[in-house]
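Each of the next two complexes has chain A plus one more chain, namely chain B in the first and chain C in the second.
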Partner chain A sequence: MSNARVETKLWVWQRLSAAVLAVCVIIHLVVIVYAVQDGLSAAEIISRVSGNFLWLAFYSVFVIAIAVHAPIGIRTILKEMTSVGPGATHMIMATFSLIILAMGFRAVIGLFNASIIG
Partner chain B sequence: MKIAGHRNHAHYWAFILHRASGLLLAIFLPAHFYVLGLAIEGEAAMDGFIRWTDAPLVKGAEVILVILLAAHLTGGLRLMALEFISTSESSKTAVAVGAGISLAVGLAFLFNVV
Partner chain C sequence: MSNSIKVSVWRGRETGEFQSFDVPRQPSQTVLDIVTFIQRNIDPTLSYRFACRVGMCGSCAMTVNGKPRWTCRTHVDKVVEDGEIKISPLRNLKVVKDLTCDMTEFFDKMNKAEGKFHPTKTRNDDFDVVLPDDPTRQLAAQGIECIGCAVCYSACDVVEWNKDYLGPAALNRAWTLVNDVRDGGNKERLTAISGDSGCHACHSQQGCVKHCPKNLSPTRSIIGLKRATMKAALKGEI
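This part shows the complex of A and B:
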């Protein structure tokens, strides 16, 4: 695939994921401000999301969109502002995406299955 | 200090803020997921960390993170509006509106958290 085609595809994925993230981040910010009102605790977080399929779906979409969006952004910064080569920037992008997917889903599934003790 | 012409511009600073906020949020993400993943080890492990975040310095960092997230959101919406809707100079207003919304979200968080 030519460089121009790769750049165009990454640009499109960056914008598509940004559109999804715009909705997710607005919901996330509202939840953050609401959740901290009475002080944040593990019990509060777990009772809100544990066993709730709607939050599971929401946070799954959120993590996937981040795993697409953030690594492309990191690659753009590396490409435009550093002397890191194209092969390395792609490798960093792919590795960062996998880290976000793995850690993100570990947290999402962990919270979905978590239970409050006592 | 004299600032070069092309840098003395709202759009330039919006661009820098968008890049910097994106980079800082990306660096923060793995730590955020790690803490949320503590739920696997149980409520106590997660609560132990949450108590640590009660320290004023950490609270301050949290407020900055919330502002950065809101700034990256509004900066991104501005960027997409520029690319898909208009290239007019009126987007300077969008920079100001975005900054205002970001600070308002940060303040809403701050007042609820303290």
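This part shows the complex of A and C:
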């Protein structure tokens, strides 16, 4: 794939993921503010999200969008601000994306499967 | 208005120092008038560049009190700070001497961005009809008044970070040609401007828009190019 094509596609992916994130962040913040009305406790959170497939789907999309969006931005920062070469930049991008996916899904699946003890 | 103004002028090349001059104030005095006064009355070795003096040629741009400006149309009253003016060469370009920059890189990038017309007809063909209210003509018209002064190039932080970045003026020029129905070079042009030094490197910070003396919006042109490259990439043209 030509350089022009790669750069254009990365731009499209970052724009698309940004559009998804814009919606996700608004819903995320609104739900936080709404949910806090009844008091915030671990039990309250788990009772709301555990086993909730809609919640699972929403946060899965959220995590994937971040894993697409953030590494492309990191790539730009590395290119502009450091002397890291293109090969190393792609490795850092891929690693960063995998870390976001692993940490994000660990949290999402953990809360989905969580149950209140005691 | 005091009778004189303290002017600090960059002397030297990449290394050098500011030299102070006292210049008499005049009504409606421009920054270019000040530089010209110094060269003709105080120090004839001062180097600077100008031609038309009326904001058409784009050759007299300098950094005035930290901001890139066309000096022939910048009134001293507008930029003076505490009775002082500091004048240095444009940022992001090599200094030839004093206030004169080497513009080679700036104009080379116009070529690299395929900022030249690719004709599609011969002298035997009839004229294209381009109506003033045609949407592509209107898009081209928004960027066509560029005078190539390099103020935007000097204002752009991406140029500072990435020396290969084509810059606002070259990309704006490319966008006017993308919207020229007579031009046949869009495949080459869109390929040329979408590499890692092209339109996708722009952060939309709009330093170019803020400082452009012709009130153009290179950022808007670059956004247009981003969309055009996206369409071309989806069609497999680039």
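Note that the second predicted complex is superposed on the first by the 112 of 118 C-alpha atoms of A that agree within 3 Å, B and C clash if a C-alpha of one lies under 4 Å from a C-alpha of the other, contacts with A are read in each partner's own complex, and residues count from 1 in each chain.
In this text, a residue touches a chain if its C-beta (ideal position, glycine included) is under 8 Å from a C-beta of that chain, and two chains touch if they have at least 3 such contacts.
The structure displayed is predicted, hence computed values, not measured ones.
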Per-residue touch tally on chain A - higher for chain B or for chain C: B
Partner chain in contact with A:Arg106 - chain B first, chain C second, else both or neither: first
Touched partner set for A:Ile27, first chain B, second chain C, both or neither: neither
Partner chain in contact with A:Ala94 - chain B first, chain C second, else both or neither: neither
First (chain B), second (chain C), both or neither touched by A:Ala43: first
Which superposed partner A:Ala70 touches (first chain B, second chain C, both, neither): first
Chain B versus chain C as contact partner of A:Asn3, first or second or both or neither: second
Chain A positions touched by chain B in one structure and by chain C in the second: none
Chain A residues touching chain B - in the complex, by the definition given at the top: 15, 18-19, 21-22, 25-26, 28-29, 32-33, 36-37, 40-43, 45-46, 66, 70, 73-74, 77, 96, 99-100, 103-104, 106-108, 110-111, 113-117
Residue numbers on chain C that touch chain A, as the complex places them: 158, 161-162, 190-192, 194-196, 198, 200-201, 226, 229-230, 232-233, 238
Interface residues, chain A side, partner chain C - complex: 2-5, 7-12, 76, 79-81
Residues of chain B defined as touching chain A within the complex: 19, 22-23, 25-26, 29-30, 33-34, 36-40, 42-44, 46-47, 50, 53, 66, 69-70, 72-73, 76-77, 80, 83, 105, 108-109, 112-113
